[in-house]
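The structure appears below as structure tokens.
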Amino acid sequence: KEPFALITGPCQLESLDHARMMAERIAEACAPTKTGFIFKASYDKANRSSISTKRGLGMEEGLTILSKIREEFGCPILTDVHDAHQCAPAGEAVDVIQIPAFLCRQTDLLLAAGETGAAVNVKKGQFLAPWDMGNVAEKIASTGNERIMLCDRGTSFGYNTLVSDFRGLPIMAATGYPVVFDATHSVQQPGGQGTTSGGQREFAPVLARAAVAVGVSALFIETHEDPDNAPSDGPNMIPIEEMKALIGNLARYDSISKES
Amino acid sequence: KEPFALITGPCQLESLDHARMMAERIAEACAPTKTGFIFKASYDKANRSSISTKRGLGMEEGLTILSKIREEFGCPILTDVHDAHQCAPAGEAVDVIQIPAFLCRQTDLLLAAGETGAAVNVKKGQFLAPWDMGNVAEKIASTGNERIMLCDRGTSFGYNTLVSDFRGLPIMAATGYPVVFDATHSVQQPGGQGTTSGGQREFAPVLARAAVAVGVSALFIETHEDPDNAPSDGPNMIPIEEMKALIGNLARYDSISKES
Amino acid sequence: KEPFALITGPCQLESLDHARMMAERIAEACAPTKTGFIFKASYDKANRSSISTKRGLGMEEGLTILSKIREEFGCPILTDVHDAHQCAPAGEAVDVIQIPAFLCRQTDLLLAAGETGAAVNVKKGQFLAPWDMGNVAEKIASTGNERIMLCDRGTSFGYNTLVSDFRGLPIMAATGYPVVFDATHSVQQPGGQGTTSGGQREFAPVLARAAVAVGVSALFIETHEDPDNAPSDGPNMIPIEEMKALIGNLARYDSISKES
Amino acid sequence: KEPFALITGPCQLESLDHARMMAERIAEACAPTKTGFIFKASYDKANRSSISTKRGLGMEEGLTILSKIREEFGCPILTDVHDAHQCAPAGEAVDVIQIPAFLCRQTDLLLAAGETGAAVNVKKGQFLAPWDMGNVAEKIASTGNERIMLCDRGTSFGYNTLVSDFRGLPIMAATGYPVVFDATHSVQQPGGQGTTSGGQREFAPVLARAAVAVGVSALFIETHEDPDNAPSDGPNMIPIEEMKALIGNLARYDSISKES
């Protein structure tokens, strides 16, 4: 079994320079363990808590920047789409199209993503049981595209709180598709700060350790050089300077998981 | 205070003849109590559990049928949209545009719905706290359209189960916008039958009674002449022949609520 | 069907004088609607959040006071027990023995309560589904005592929060035993203030209205002349001066429920 | 940091011979990794779902058997108590007194357990947030006994289901007391089989792996030579013949956790 891949990057794409700097520092953080990474950033935060928060650079500029990062760093790129019409252009520019959790049941979006031929990473809706992701995967697979990844980013648990049910990882893996654990969104507190979501950054490494011990194909961890001043998801992103040590630690648990 | 309005109709639009028959029978069921009704039907079930279930007639044919019902019955019409591009045509044909619960945070959809000038009924996401609906309403209101309704259709409670928290009704009402209680989707068991959602029809009248006693501006109750053979939501729709008695019963509780 | 009975009183027994004053004011509040009441107070708060909060007068003094209230006011009395050994003396002094929610599965306590021959009001554990209360009732009924009441006081919903699932009332009623809705504990926020539980008093009347509309045999509503300074449960008790209006309002919904 | 200790044994004490056989096989399973074990068995299942299921041998016979196991095997013994009066005799016979989850807020029981001077393992109530366990520990510590262990055995998540929130382990560890993860009760489905609880034995090793990766002082894993025919908790116990491999696997993750 392969070591975990790492889907990582800043939540929101800020500029070409910022993306470049982040990609460089991520490459450095991954180097000691030879961890393969997929660079992740969003060109549009299309479902933010409040109308008054920043949405991002938009699709056109965003995809141009992401293509450049792919060229310069030779790493695969992941971005998320919000509308069926965005899938074709995104599929040209990136390697992995991501379906946001709230949209994981939208048939047209899943079909359009599948039809690009790109890999598709679907986040499990916070409102969905892990065993319901089989039906979601089948919608994508009906296009003939079987390059599907299923990602857990937490499940609704009372109000403004998510919980990570680690039974869900083997349940989703039983579909045969690779399973991803999203450690930074799983510690979000949705809507927990009035007009933005809160987060508990300190628990992201805790849950990531649990996930690799349980066994996953990939981890999803958002990172930033200055999370507290990031345009979105600051409360749950990991500071980039902590990533090397974190990856090194996770890789040790992962190597035991992957032996058996 | 006004008596409750009733948003009702079959979950899925089946044909002009079927819609006409349903509208007639609904009008009869509402007559004794002079309950005002808004005819509801969906032209597309865009987020069904499984790819193998029926999606419906499509937007063009669907809106044509809904326009005819409006003309013939003189009643307002509600339908749901799934994509920002659908808002403008839907806004021409119907009086109330509905935002599905899974999509209640999609900014572009909310803005496009608001911009039509039609009334907008937003279902609270199963993953959202009632106090987070203020931010949702503000997104719509930012278009200048304040004809907003906030609708509770249940909150995630463990897996494949929803719970109705009746504290949410006054909390949402504190926004100043009218509040709707959706009694038939609140008893859904999402994904509970493998490839379709289950439901507990017998509890819809129970929760509807609780809602009118707490106090709501409108109720949302889907109905069908033969729920067990309906193309969607059969397990939770109310048989049309039971609607007259149900409305009569609910109206009595409502009249007490509206006095105070 | 009978109008609802009201189980009411201060959470914690403070003194004979206080109990007498409360009983008088409760009798006044119930008079206009001729609502039958059962006087409730606890002689020991045996499971408080923290060791540093007040527990109460103790069993001996407490039962003496409660007996006097019964004599003077001629009303039935309810109190809760915490240990099998307390059941026999409590059964002498009061009419209804109450099993606390945390203890609703303790077989010895249920059997000892049943064996007194007194009526037994069991609170559904916050961790229990309503359909699991049938097994609880059977434990009591195995003593030959069928004077059982099943009471909903909310179900765990995430952390430090309860939710009232009104489907639970008809589910528990299907056992054939009378069902009680506890409106003041259902709005508790367990542990929500660090060393004590918080509460949302303003929602108790909301949930009580929902409960009578759904249909119950009795309501449980704790009250105090000065809740903010009460020794326990202040945040969720109803001020005594609001009780008359509340009872009057609830009785109107109840009369509709009881007709059908 | 010390390797994890293992609290293990059959859920219910069946006979001296059975306890002896189990202790022998447990010692064998623990030998290769030199894992220290605490033998656990209950003399009374005092809160079973239904009155018709077996409760066990009773305190007197039970404590006698447990004392013999301690003598013969030289291992510490853990058993659970259900009533303050049981604490003193239990404290004579065993090394660790366990407070059941439903009873974790019962002040008298906590004080009586603390006063024995034995170590006290308190299970977090399914209805309690992990941060509320500090108050629970303080009740015990108020007796001067600080030999306290805090144990997570799952949290209510909808009906008949528990979820393990692994953020709870570091939260409880912040009290300074050792933290235990109970892998077999965390996969219980309370009341899930009508008159008994169901369970998902296959997920116990999954959650145990997650727990040691997160970091715990001890694991709690019930085991039996024939779980499907055990008098209680069969659906979630681990077959004894699988324990050696499981312990070996867990020890590898644990050694990484304990380095840092």
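General observations
The letters A, B, C and D name the chains in turn, as written, and every chain counts its residues from 1.
The rule we apply is simple: a contact is a pair of C-beta atoms (placed from the backbone, for glycine too) under 8 Å apart; a residue touches a chain by one contact, two chains touch by 3 or more.
Please read these numbers as outputs of a predicted model, since none were measured by experiment.
With steps allowed only between chains in touch, the distance from chain A over to chain C comes to 1. Among the pairs B-D and A-B, the greater number of C-beta contacts is found at A-B.
Computed centre separation for the pair chain B/chain C is 37 angstrom, with centres defined by C-alpha atoms. Chain A and chain B have Cα centroids lying 33 Å from one another.
Centroid to centroid, with C-alpha atoms defining each point, chain B and chain D lie 48 Å apart. Counting only residues that touch two or more partner chains, chain A has 155, 157, 159. Put simply, chain D touches chain B in their complex at residues 157-159, 161.
Those residues of chain C lying in contact with chain B across their complex are 155, 157, 163-167, 169-170, 187, 200, 203, 206-207, 209-214, 249, 252-253, 256-257, 260. Considering their complex, residues 46-51, 55, 82-85, 102-103, 105-108, 125-129, 131-132, 135, 138-139, 142, 155-156, 159-160, 190-191, 195 of chain A touch chain B.
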